[in-house]
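A, B, C and D are the chain letters, set down in written order, and residue numbers restart from 1 in every chain.
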């Protein structure tokens, strides 16, 4: 069965508006990244929202959990802003869906040359195929269980809580 | 314990010589890729050789197997040219080392903007952390057991033999 | 004699702070661009300021004019934010320095893959070598006299006033 | 009147074939470069040939000269492989066409991230607008008269003969 990729926005998909000089969201670049990686894993891509994770509400998280619960797939990647990725991971973890769900994101927009997005996507797609049911954050080449992960706001690096 | 990354060359690390117009090898770009991916998995990088895999000899493969057997690490990534990756995987598989060994590579040199190298490296590092002992090829987002993988020469895509 | 390149900041030199998600200035990328262009025109690079041109004050412009007047070189390139480039061009034009001065900039930061900066720099360096004394804006492949240029704020394109 | 851009191939337009690992020609990337530079100079692009300049024959050069003579435009940019650019410049120079003709190229293919192509194109388009009738080579930020230029084969840099 295909892997389902839910898009929620985050730095991953931000673009630079050359008229205003602001970062903004247009469409996801997921298919472009998968093409660049010559990906051959069957995937379905569904955009749930395109937002900065600092603006993600409880209702947004309920929506994400609901979609993860309702879909037929039991291997799911969720792209997400890094600032509150741990909170969404906790909501998904508490839902105990008996699926393998991997959240990932990027520190630098894909459209900027120096992005970590392609690396993180490669690792997220690998972890979601090889890890047992559970909710994980895949960042910086590592994976973390949902109940033991946080973003270090000073360094931008994901780490265990305990 | 750290993951050991053995470098053997391949398209991954090829560069363009602007004087001669030829592709050639200088140094590996592994650390540059890991930096771009903001990798935080502890790794050791060792360059065994820098060659096109079409020129890899039986002696070269013996050397690779020997290093995989002799090292202390039991999780190993081997970067390799794609053309004969399946042969080296078979040699490593037959050696039955009781380690998790993942071979990966790229269809386009990392230094060319359109490379799949960062995606493949992200997936290889993830698979090597999460798969049981065995020898695998990680390409195109997928992983293959060493005894059931080949590169489709016409399409450049890795696939099962049977 | 060398061409003098004065750096004042602008989108050209903006970078992405991956911790805060904000654009900011660190150092100029001028040498990096010149290296990429394999530039062999003798140049001197001097950073006068590193600011967004929307924040450029009358005092800043006086400083730029003063440096252009005082320097020994009579061929000068000034990198500048695009939003108020026309105003600085007018100040330089009114100063009637009897030098060839070319202002240029970029719509997208150099560090983002899609930047027009390298193209604009190539054209600015060419115009400064080949145009007679005067003050010009070089953007979008074109050059404009200082008294007849404005940035179209809606399209981001430079055009004649009349 | 528009500037005419004649495409003849050269490193500029080479691509990497990821199946064979060879460099080859497909289509010109000229429009892509002009878009990246946000070019607003009216241009017409005509592909005359797509060849490595080491393989350019006398007949090919006659064809280039013929097209430069026959076209209505009197400002022409010719993209060209660097290895024999000086020879084509000489043929064009001897033809004494009373037009401004600028030959340019690249040391690294545009599709590889590190290309000088965008810089050279920016400078060529600027020189062709601002130099008097004559035949020039625009490389490395500089311009050379057709009768006094050669590529230094060891360094890859263009220089005066005398």
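Everything that follows uses one rule, which is that a contact is a pair of C-beta atoms (placed from the backbone, for glycine too) under 8 Å apart; a residue touches a chain by one contact, two chains touch by 3 or more.
Just so we're clear, the structure is a prediction, and the values are computed from it rather than from any experiment.
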Query raised in the report: Distance-wise, how many Å sit between the C-alpha centres of chain C and chain D, to the nearest whole number?
Result: 26
Report summary line: dist(centroid_CA(chain B), centroid_CA(chain C)) in Å evaluates to 45
Query - chain B and chain D: spacing of chain centres that average the CA atoms, whole Å - result: 39
Report summary line: Residue numbers in chain D touching two or more further chains are 107, 113-114, 156
Query raised in the report: So what shape is it, when you link every pair of chains that touch: line, ring, star, complete or other?
Result: ring
Query raised in the report: When you check every pair of chains, which ones turn out to touch?
Result: A-B, A-C, B-D, C-D
Query raised in the report: In their shared complex, at which residues does chain D touch chain B?
Result: 11, 16, 18-19, 21, 23, 107-109, 111-114, 153-156
Report summary line: The answer for chain D against chain C in the complex is residues 33-34, 36-41, 107, 113-116, 118-127, 129-131, 138-143, 156-158
